[in-house]
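Two complexes are shown next, each including subunit A; its partner changes from subunit B in the first to subunit C in the second.
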Partner chain A sequence: MELNDTLRDIAKKLLEEGRVDAVLGFRQSSLAHMTEPFLATTAEQADQLVFNSCCRMNLAVYLTPDLFRSGRPESGKKSPRVAVTAKGCDSRNIVTQIQENRYKRDQVHIIGLPCTGMADKAKLLAAAPEGIDTITEKNGTLILSRDGKETVVSKTEVLQSNCLSCIIRNPVIRDEMAGDPVPELDMDSHPDRFADVAEIEALSPADKAGFFETLVSDCTRCYACRNACPLCYCPVCFVDESRPQWVGKTIAPTDVMAFHLLRAFHDAGRCTDCGACEAACPMDIPMRAFTRKTIKDAREGFGWETGMDLNLRPPLDRFDLKDPGDFIR
Partner chain B sequence: MKPIHIKKEAFGPAMAKAMETYAVAGPVPDREDAKRRHLFRCLEKGETPDLEYTATQLSPKALLFPQAETMFRFKVPSGGKKAPFLEAESFKERPLAVVGIRPYDARAFDMLTLNFDSKDYKDPFFLKRCHQMVRVGLADTTLKDTNFSTACGTGPFDTTALDILLAKTEDAYIGTVITAKGKSFAAAAGFEAGSAEDTKALARMKQEAESRMRPGPDFSALADADTLDLHGEDHWARLAFSCINCGSCTFSCPTCWCFDIQDEVTGNDGVRLRLWDTCMTDLYSAHASGHNPRQERFKRFRNRFMHKLKYFPDKYGQGIMCVGCGRCIDNCPVGIDIRTIIGEMNAKAAGAAKAAGTAKTGGTDKATEAAS
Partner chain C sequence: MNQFEPKIITFLCNWCSYGAADLAGVSRFQYPPNMRVVRIPCSGRVSAKMILHAIRNGADGVWISGCHPGDCHYIEGNYYARRKFYLLKELLEYSGLEPGRLQFSWISSAEGVKFAEVAHEVIEKIRDLGPASRFIKRLPEVA
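Let's look at the complex of A and B:
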């Protein structure tokens, strides 16, 4: 059976049997290369659920206190149970959110999505400059059709860069799978995993500053990156704080850099490299250059990979006698 | 309207000539590594607007309404005895020619003007800039699927907000001079006169471009709809579910005009800034008391569409606050499409109108109930 059929069957069953109150997933958007996060609350709505190479957003973003509060008090349940469809990276963010006490494991029913990566929006559009009417996926290729004319691209060529170094494509926690698990890329200890970060590390401090300044020079501070990120759930973000105000509001390099650097630090040991931030950016800014450094450092300094195990505590909220850092002992 | 005809190889030299009299802004490729992207900015000597571009992620509105603008500087003398004093920014900008602007984006400039040139307040910088600006448009012959400008009363060849309209052919830019301002610019740039052939070709291209456009949304029922009814519909939370309340749509929109005022003080020196703001954020509507009338996300989402499709048309009587450029659709990370939202709003309004009609013509309670 096709993955989408299985996915819909699972969702319908969960809703019909009253095991969950809603299923969080994706549905097709009006544009062929886009999907829209979607909350199905009836079996009929569950028919709209899809999973394909354009499900770039991270659904953990939508697992908010509001969603769990919006339960039906009359049903006598304290808070609703929500089923969520999750890619490998999404599941790691769910683990992180549970570790950070956003909600409890038994409040979410995880429908695992075996993921072979997401197609980069800019790369797709560049491959089909005339526009895209529909996208069909077959044997590792994407068929982009326009007025009956087909452009075939290999999925590897249009993958988002984070998917090329993905360390876990099947969800780390799940209640069931919507398809057979896919083979892993074994990138976790691959020598090239952090080649991009190493390249930046090798620059002189002045060149590094120049590199990052150019990187974010087009940033409009729309904050789509932040809002698309499942870690950025603070009720008031430091950039929006006005009493006192921490960061200037202009698009001058200092203000823009303050936002990006501080956000990256807030995500240290928490970022799963899901790529939702980059996929959300209207200016195609590769701001994962910041967070990837924190991933590398968390790994090298603490042997930490984010969101792999519910029973571990993140390195920044734990004291360990065997900590390799001298300063702490 | 005088036809003009500029051979492509003559365009660069013409711009260099125009730069002797005007500051010139236009679309230029932003970075080598992102070929599909062009940005509008003021050009340096030796640069030429790249009229072969297809689209820009951001509209050119920053040329008229910068994202961060200094309104004035002030000094706060130490000791607290003397009063702070102001230094107004002096306006020294040369007349700016925006070359290559899309006709519908130029129409958006006129909409922005409604906000900065009101009975109560005339914004000095905006208006000076606007009055001396020359708009040299480039017809959109590489229309994106998301463009629905004709449905919004403008279009890829609309001349109403332009001084000159150009259109790209194989080897030339042909076009027409529309206003006196346009005439002066054409003379300064040394644009060659065209022929009746060019006028015909332009009309043909216009028809061809418009016929290729996808049907736009219908918003005909919104004008007569009751504002509070539209506001109170029960679909907003559902429509807004996926919205992450970023500012992508409003920042990239050529008609969104909202701003915030900030003072930045370093030591004794201060500066008052005007900065783009967006109704999608929590802070936009936060009151000093701590109360926020748009605390929930869907209320902010609702405001964006209500402002564009109902409050604005009702207040100004000049149609909706959207020129159909499609940028908000292309840039929305979660696939929200303003055409879909318009469709949903219009359907509700049409349904309500129909129900009211049935009631008036003596329909039974049941019929009214079924129609609503």
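Let's look at the complex of A and C:
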């Protein structure tokens, strides 16, 4: 059976049996190469759920306290249970949110999606410059059609760059799977996993500064990356604080740099490299260049890989006597 | 006398390095006057925002000093701080800050001599690097 049919059957069953109050998933949007987040609350609505190579968003971002709020003790109602469809990276963000006490494990029912990577929207549009009406997936290829004309591309050619260095394709925690688990890439121990970061690290300080100034020069400070990120849930974001104002609000290079640096630092030890920030960016800024560094440092410094185990505390919430300290006199 | 005089924002933990600075003072140890001291309750109190804020406002260097591992007044604040500083220093130097602008040390309140020595080293290192040029917020030039 097709993955989408299995997914819909699972969602319908959960809703009909009343085991969950809503199913959070993706549905097709008006553009063929995009999907949108969708909260299905009835079995009929569950028919709209899809999973394909264009589900770039990280649905963990929508698991907010508001979603669980209607069942506060004084209302006498049980807290709602939500089912969420999760790719490997989404599931790691759910683990992180549970570690950070956003909600409890039993409040979410996780429908695991075996993921073979997401198609980069810029690469798709470059492959079909005249536009795309429908996308059909078959055996590792994507068929992009427009007015009866078909362009066939191999999925590996159009993958998002974060999917090429993915370490977990199947959800780490799940209540059920909507398909057979896919083989992992084993990038975890791959020598080239952080080749991109090492390349930047080898530059001189002046070249690094120049590299990043060019990298973020198109940023319009729209904060789409922040809003798409399941880690960014502070009640007041540092960019919105005004007394004191930590970060300037203009698009001057130093203000933009300060925003991206602090954003990356807040994600240190929490980022799962899901790529939702880059997928959301209207200016196609590869801002994962910043967060990848924090992933590498957390791994090399503390042996930490984000979102793999519900029972571990986050890396900045604990310490080890043997933590790196050579840089301190 | 045209030597460059750096301006260094220094965060000193109240329980150790601030005491060390005091001890260095009453013991009449000499060190250059390029530091602007901010007294903090614990090195764990220092956030990335504060460090970046100092740099954005034109500090030529930032020096943070706290208690030796194991000697934190709050038992373990400096252990958490160490993880945070490690990630922050790596990230800032990865994005173009010259190594040496951001300095860390552990100095107990009995180490007045070490305080004066480290102050010398930090200030000379930053003097060698010259005036800061990156990440500084400047007002736009209006014609």
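Definition applied: the second predicted complex is superposed on the first by the 310 of 329 C-alpha atoms of A that agree within 3 Å, B and C clash if a C-alpha of one lies under 4 Å from a C-alpha of the other, contacts with A are read in each partner's own complex, and residues count from 1 in each chain.
Please note the rule applied: a contact is a pair of C-beta atoms (placed from the backbone, for glycine too) under 8 Å apart; a residue touches a chain by one contact, two chains touch by 3 or more.
Predicted, not measured: the structure shown is a model, and the values here were computed from it.
Asks: Return first, second, both or neither, reflecting whether A:248 touches subunit B, subunit C, both chains, or no partner chain.
Replies: After superposing on A, A:248 lies in contact with both subunit B and subunit C.
Asks: After superposition on the shared chain, which partner residues are touched by A:65: those of subunit B (first), subunit C (second), both, or neither?
Replies: A:65 sits against neither subunit B nor subunit C.
Asks: For A:282, is the partner it touches subunit B (first), subunit C (second), both, or none of the two (neither)?
Replies: first
Asks: So, A:323: does it touch subunit B (first), subunit C (second), both, or neither?
Replies: second
Asks: Please work out whether A:212 is in contact with subunit B alone, subunit C alone, both, or neither, and reply first, second, both or neither.
Replies: A:212: touches subunit C, not subunit B.
Asks: So subunit A touches subunit B in one structure and subunit C in the other; where do those two contact lists coincide?
Replies: 248, 252
Asks: Which positions of subunit A touch subunit C when the two form their complex?
Replies: 197, 200-201, 205-206, 208-212, 238, 244, 246, 248, 252, 254-255, 257-258, 261-262, 264-265, 268-269, 290, 293-294, 297-298, 301-302, 315-317, 319, 321, 323-325, 327-329
Asks: Spell out the part of subunit B that touches subunit A in their complex, as residue ranges.
Replies: 30, 34-37, 39, 54, 57-58, 67-68, 144-146, 241-242, 244-248, 251-252, 260, 262, 264, 273, 275-276, 278, 281-283, 296, 329, 331-337, 339-340
Asks: In the complex of these two chains, what residues of subunit C are touching subunit A?
Replies: By the definition above, subunit C touches subunit A via 48-49, 52-53, 56, 69, 76, 79-80, 82-99, 103-106, 118, 121, 134-138, 140.
Asks: Please name which positions on subunit A make contact with subunit B in the complex.
Replies: 29-31, 34-39, 56-57, 61-62, 66, 122, 125-126, 129, 131, 218, 220-224, 226-228, 236, 240, 242, 248-252, 279-284
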